[in-house]
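One chain, subunit A, links the two complexes that follow: it is found with subunit B in the first and with subunit C in the second.
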Partner chain A sequence: MKALAELYAQQFKTTMAAMFQYRASLFIWMIGQVLEPLVYLIVWTIVSNSSGGSVGSYTTKEFAAYFIVLMLVNQITYTWIMYEFEYRVREGILSFALLKPVHPIHSDIADNVSSKLITLPIMIVIAVGLAVAFHASISPPLWAIGVFIPSLLLAFLVRFLLEWTLAQAAFWTTRVSAINQTYFVLLLFLSGQIAPLALLPHPVQIAAAILPFRWLISFPVEILLGQHTPAQALMGLGAQVAWLIVSIVLVRVVWRAGLRVYSAVGA
Partner chain B sequence: MSYLRLFGAFFRVSVRGELAYRANFFIQLFQSLLSLGISLAGLAVIFSYTDTLGGWRPDQVLALVGVYFLVGGMIGLIIQPGMEELIDSVRHGTLDFTLTKPADAQLIISIQRVEIWRLIDIMLGFGVLAAALVRMNERVGGWEAGAFILMLLAGGVIIYSFWLILATLSFWFVRVENILMVFQSMYEAGRWPISLYPGWLRYGLTFIIPVAFATTVPAEALTGRLTWVTLVIAVALAVVLFMLSRLFWRAGLRHYSGASA
Partner chain C sequence: MTTMKSPAIQVQNLRKVYTVSEQEAGTMAALGSLVRRRKVEVAAVDGISFDLAAGEIVGFLGPNGAGKTTTLKMLSGVLHPTSGDATVLGYVPSKREKSFLRQITLVMGQRNQLVWDIPALHSFELNRAIYRIPQEDYRRMLDELTALLELGPLLHKPVRNLSLGERMKCEIAAALLHRPSVVFLDEPTIGLDVTMQRRIRGFITEYNRRFGATVLLTSHYMADVEALCKRVVVIHHGKLLFDGDLSILVQKFTAHKTIEVQIGDCQADLNAYGEVVSCSDGHFTLRVPKAETARVTERLLADLPVIDLLVEDPPIEEVIELVFAQGNP
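Let's turn to the complex of A and B:
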């Protein structure tokens, strides 16, 4: 455990330095991350205003709060591992990572966290600016804020592990872009990025709750908006923990199977 | 005429190259259908709560989605691949080979690579447009059709010139792929009528990154809401940007120092 902590500390130092070199790329990624929720925020604001100030259970101000919090949750939980991993396998770079005595997922987590630490302050400034501009308002009960933190952490972990597992499709096929796009399109729709899940048709809501998607982005947002009772919130956390266990098992099984089929110079 | 023959030759080469990877056709088809499907699902959700969106009826927004796919397909078919190749060849110095050829170098770099499977997006775009037209049949006359084609051409020229200007920046800065990614993010916003957005974003998407002229303006022409002012501005901007991009290209070439130049 102590060795792992030291490893992370060292990894943070190096990846922070590396990420600062990619400032421009990080900034450009951020434009997309802001623009997409902003577009849907604007669209739903117009829909809400034209139908008397609310749609379903959402008022105009709650739409604003929903998409701004969603933007932050998405920023905190997103990964780019699927593009990266395909490149590593194709170019055989993975072989170097395999020489190291630790699982390569640790350096990926450190990479991910350090890039977020650099971009998050800017995202928070943008979020505050948008909240003022669109008169966003939330009034979560105190306990909801307490539940939001673990639900966000669980969302990050589950999303990271699931996307890391999916990235390993690169071991079996060179055409991962179709798999990635399928995943992203489903994620877009079923994690509430186009519309709050509560506004989608009932069967879609059930699908989003059975599949992991709701627990990756939408759930923490719903919590912070104060839309759940304590009992519902606890059940949601339970679902997230269940997915965490599933994703840990998946990562291990798929990684072992993948390594067996991996063939590169030196592997 | 010889330019058309040249384009035909490049196109045939691309087709032959890609026919070795026929499965890519099905992969692109799958991806395009998926992306269109989610687009339509989003529209369905939004229009289940409202009849008009900022003054646009569902069939009109559907037409806009058609234009979005059509123009996106054109960008992916020929504009983007050529510009990415240009940036690469400037960095590697292989632009030398293009410059020694007896045809205009700007023309060659613009048509040298064709991603033929993106034709699927163009077909889907036409399909969606046709579906939208059927749903609003009585309102499309000769004037609308003519204005639509003119605005589509103007939008195409504007986008092409804009990409070329960005890509020629590589003569000075070498690494500019990231700037191209900004356009991709901004193009996403073109799915919806630009008039929905607040002022600053609308001006940004019209005059800084001209997404509006590629998607909203042609859709406006088709749905009979285009004003003469917009039409004149679009044509004028197309002409001005095209000449400007030519100037950029010439200045860039003078600045170019390749492997042997």
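Let's turn to the complex of A and C:
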């Protein structure tokens, strides 16, 4: 455990150093992370204002709060592993990872957490600025803030493990971009990124809750916006824990099978 | 140097068969492959056996595609063998046990593990954490490697700003920080200039001497092999062609000797004595059957105004070429 902590600390330093080399691209990445929810926010603000100040259960101010919190949750939970893994397999970089006496997922988690920690302060400043500009209203009960933290952590872990699992499609096919694209479209609609799930047709809401998508982004946002009773919140955490277990099993099974394939076609 | 009784590396009938999907050229074939892929099995390594004693440096030779890299990857646990057995330091590599991985390393001259955009020192520190090297050991090893490879000024420069040779030195250092006792080197000098090749060679000898490490090395530069390896293992098409002393390889595979003879100029016709390979400034290179060497030498000395004469084995490159040619079906 101590050794693992040491590894994470060291990975943090490495990521820091690398990110300082990538200041410009990091900045562009962040603009993307802000711009996408901002576009939806503007669209929904216009729609809401033109239909008398609310759409369904959402007022204009609540839309603002929703998309700003969503921006932060998405920033904290997103990964880039699905873009990167194929490259690692194709270029044989994974072979180096296999030589190391530690599972490569640790470096990825550490790397991801590090870059989040570095960018988070800036994102919070942007979020506060947007909240003021769009008159976002948010008044969660105290307990909701207490539940938000674990729900966010679980959302990050589940999203990370699921995307790490999906990324391993690269072991089986050299054309992973089709899989990535399908996943990202589903994620866009079913995780609440394009519109709050409550405003989508009922069957879509059910699909989002049965599939992991709602639990990856939407749920922590719903919690912080105070949309749930304590009982509903606990149920949600339970669903997240269930998905965490499923995703841990998936990562392990797929990794083992993937390595056999990697080994069979040559690395 | 340590010498242990049991071999450090044991390879028994090791085989690796790759499954490769094939596709004919053309649109119809491409469409066809959507429905049904034709799978072809290729034996990259086809039943090889050899042992390495602890502390030995062995050259692992073969033309491109002979199965050298595949073998090294199997021995370092990256690839699972299709059949046969390999043990390294008593471990089965494909199990990738942590205690095994901490004692080996694989350097691939054509690939890099260092983080591209930041100084190598960061990657070193990361490896220290990954291999759980105690701070004190790490310092000492880093100092030693820095001195041996003259890394001093390189450690703080971003890797992308290093020359190929400088980067290779850093790659090698990164791979040895945990002081592995078994070292697999795949083309460690590829693309490097002669001076840098010599320096890397010197370093490998020194590392082997200091730590008693077992080294299995592939290289296309025969100078590497001649300088480092008393013993060579030659494979071709995945099969073992030769395992033994380099000098015996030369003996076994060459039926010729080279006679360098210097006379006044290149006017004379020496074809009667042997095959004239070249002549410049009166310096002839003749190739003669081994058995006739003494007789031809005697005649040359008797018939011609010889200034200088030298009998040699053909250069090792030529020998290897011959070996590979014989390995071709």
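Note that in this section the second predicted complex is superposed on the first by the 262 of 267 C-alpha atoms of A that agree within 3 Å, B and C clash if a C-alpha of one lies under 4 Å from a C-alpha of the other, contacts with A are read in each partner's own complex, and residues count from 1 in each chain.
Basically, a contact is a pair of C-beta atoms (placed from the backbone, for glycine too) under 8 Å apart; a residue touches a chain by one contact, two chains touch by 3 or more.
Treat the numbers as computed from the prediction; the structure is a model and nothing was measured.
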{"item": "First, second, both or neither for A:Ala3, with subunit B first and subunit C second", "value": "second"}
{"item": "Partner chain in contact with A:Thr174 - subunit B first, subunit C second, else both or neither", "value": "neither"}
{"item": "Subunit B versus subunit C as contact partner of A:Gly32, first or second or both or neither", "value": "first"}
{"item": "Partner chain(s) touched by A:Ser57 [first = subunit B, second = subunit C, both, neither]", "value": "neither"}
{"item": "First, second, both or neither for A:Ala17, with subunit B first and subunit C second", "value": "second"}
{"item": "Which superposed partner A:Ser95 touches (first subunit B, second subunit C, both, neither)", "value": "second"}
{"item": "Subunit B versus subunit C as contact partner of A:Arg260, first or second or both or neither", "value": "second"}
{"item": "Contacts of A:Leu200 with subunit B and subunit C, given as first, second, both or neither", "value": "first"}
{"item": "Set of subunit A residues, in rising order, touched by both subunit B and subunit C", "value": "none"}
{"item": "List of subunit A residues in touch with subunit C within their complex", "value": "3, 6-7, 9-11, 13-14, 17-18, 21-22, 91-93, 95-96, 98-102, 260, 263-267"}
{"item": "Sites on subunit A touched by subunit B in the complex", "value": "24-25, 28, 31-32, 35-36, 38-39, 42-44, 46-47, 50-51, 55-56, 133, 175, 177-178, 181-182, 185, 188-189, 194-195, 199-201"}
{"item": "Subunit A partner contacts - residues on subunit B that touch it in the complex", "value": "23, 27, 30-31, 34-35, 37-38, 41-42, 45-46, 49-50, 52-54, 178, 181-182, 184-186, 188-189, 191-192, 196-198, 201"}
{"item": "Residues of subunit C that touch subunit A when the two form their complex", "value": "18-20, 44, 70, 73, 76-80, 96, 98-99, 101-102, 104-106, 108, 111, 113, 115, 117-119, 122-123, 125-126, 128-132, 158"}
